[in-house]
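Lettered A, B, C and D in written order, each chain numbered from 1.
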Amino acid sequence: MTRFKAPNPDFEAETRASFDRQGAMRHLGAKLGVVEPGHVTIELPYREELSQQHGFFHGGITATIADSAGGYAAFTLFPPGAAILTVEFKINLVAPADGELLVASGRVKKPGRTLTLCELEVSVVKGGKVKPCAYGMQTLMCLEPRGDLPAG
Amino acid sequence: MTRFKAPNPDFEAETRASFDRQGAMRHLGAKLGVVEPGHVTIELPYREELSQQHGFFHGGITATIADSAGGYAAFTLFPPGAAILTVEFKINLVAPADGELLVASGRVKKPGRTLTLCELEVSVVKGGKVKPCAYGMQTLMCLEPRGDLPAG
Amino acid sequence: MTRFKAPNPDFEAETRASFDRQGAMRHLGAKLGVVEPGHVTIELPYREELSQQHGFFHGGITATIADSAGGYAAFTLFPPGAAILTVEFKINLVAPADGELLVASGRVKKPGRTLTLCELEVSVVKGGKVKPCAYGMQTLMCLEPRGDLPAG
Amino acid sequence: MTRFKAPNPDFEAETRASFDRQGAMRHLGAKLGVVEPGHVTIELPYREELSQQHGFFHGGITATIADSAGGYAAFTLFPPGAAILTVEFKINLVAPADGELLVASGRVKKPGRTLTLCELEVSVVKGGKVKPCAYGMQTLMCLEPRGDLPAG
């Protein structure tokens, strides 16, 4: 597991503050878990409001928490005041997201001044058993501090 | 624009019924628009509950309605009773989803017995002006009718 | 079909000169076709040297000419002296590339100062019949003119 | 590192035989390295014939050996006589492929009866130093033994 050093001493507080501004995370019921340099996890308990037509977690919802996990993983390595943008992501849904909890993990694979690459993994927990249900890759962009966007 | 013929005469009713079973679409406030053979649109009005940290639509939410639009576009060309599965999708977020409405469009690019490829496009409407904010590609799988899964 | 205006009056000559420096294109036997603002095609006649295990064009070779076509499509819209970099691409191989000629087409979908998105399409020609065999999306980066890299 | 068991006792010989039928690998000068259940590597020494416009390995060539490495990694876990098809792949080119040797590694991330997901990594070796230059994901399909396609 690659180890990174965060250039921003307040990376954890700023990550948590930015996450709290995401109305979508609150609306889904997602909670931030681990916030380490280059690694962030998000947990999402099951509710019928998150389902697709067969009652499992919707693939887009799986993608949504994976996108936020990867975005914040990259953000932990940004300089103070920078903003983050998802350029693109790709996700493979390898098993039905059938369970009581989703855990998304984003890890920085290759940091960069402008672009950062993250790998995404989402597992579903059912009856205490953890099973990967999605894998992804995500490209993120660092926007230097500027007047019109708050950090995050 | 390629024209397809739906093998299932009830494709529209079955698509709408399956969409109505997606708790996630209801929770987000998304509505099904066009349902034609190989083409489906979904509309999603803005709410603070769908936002990322800067107040725009969250990229994962954009991806979620794109995933459903593409999935149902493929589903319109499936035989009666078949179920649908997203294998993977990739999405580029090319502009901030800043506006009062998102419109996702899924179109079948290449239908197949087992795998179908769709292209995805999401536009954001702001003050009546329509602007593309995301483009994607999606691979879907057709599961033949079987006992343990309802159609859809 | 979106129409673009090239900011570089010498875009065609510079595109052709850059293509001619790609040893890989020469080694494969690929030829540059259309070079218009935001649109480039590449043709590749079949040779056994380009095959996969069943004798068709190798999927990686298909991807290689698609990558160059999209890269040069983006390059046609760059300012003079800029260099181009493929950030990432994704390709779906939707039919066997079985035929005597491959034609790859790259089109700019969304130009940008830093990042450009292209869509890729590759068709195979067999007995005069043209059939799409691959679709893709590609993200490219514009590197401003600098001392250590020639244009292209 | 996940360990897999190959259902085909002749997986290594059949993988090597199939690789030898790929005219493209021979034309590029690529050699098969490790062939283990769920893991295959391919090496490709630098030649000017593999270059892009700045003299580095062409991104498409990088993708080509990654595609073959992942395809054969999946193939090692297929039943005897099955054929393999790349459904799609996505690759991020994270550093210039500037060096004397490329090494592509394909690893099965999630095997399946019909679809298999692989992760791809390509490193470039320069003056003895190894540096990752590309990461990817790839979806493969297993075609059951049938008359019109040889195994591989």
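Methods note: a residue touches a chain if its C-beta (ideal position, glycine included) is under 8 Å from a C-beta of that chain, and two chains touch if they have at least 3 such contacts.
Computed from a predicted model, the values in this text were never measured in an experiment.
In summary, the pair subunit A and subunit B forms a contact in which both copies contribute largely the same residue numbers, shared numbers making up over half of all those used. These two copies of the sequence, subunit B and subunit C, are related by a rotation of 180 degrees on CA atoms, to the nearest 5.
Mean C-alpha position of subunit B lies 29 Å from that of subunit C.
Here the spacing of subunit A and subunit B, counted between their Cα centres, is 22 Å.
One simple way to say how far apart two chains are is to compare their mean CA positions; for subunit A and subunit C this gives 33 Å.
Those residues of subunit C in touch with two or more other chains are numbered 87-88, 90, 92, 139.
If you check the complex, the residues on subunit D that touch subunit B are 87-88, 90, 114-115, 139, 141.
Those residues of subunit D that touch subunit A in the shared complex are 90, 92, 94-95, 109-110, 112, 117, 119, 132, 135-137, 139. By the touch rule above, subunit D contacts subunit C in their complex via residues 18-19, 21-28, 47-54, 58-61, 63-68, 83, 85-93, 149-150, 152.
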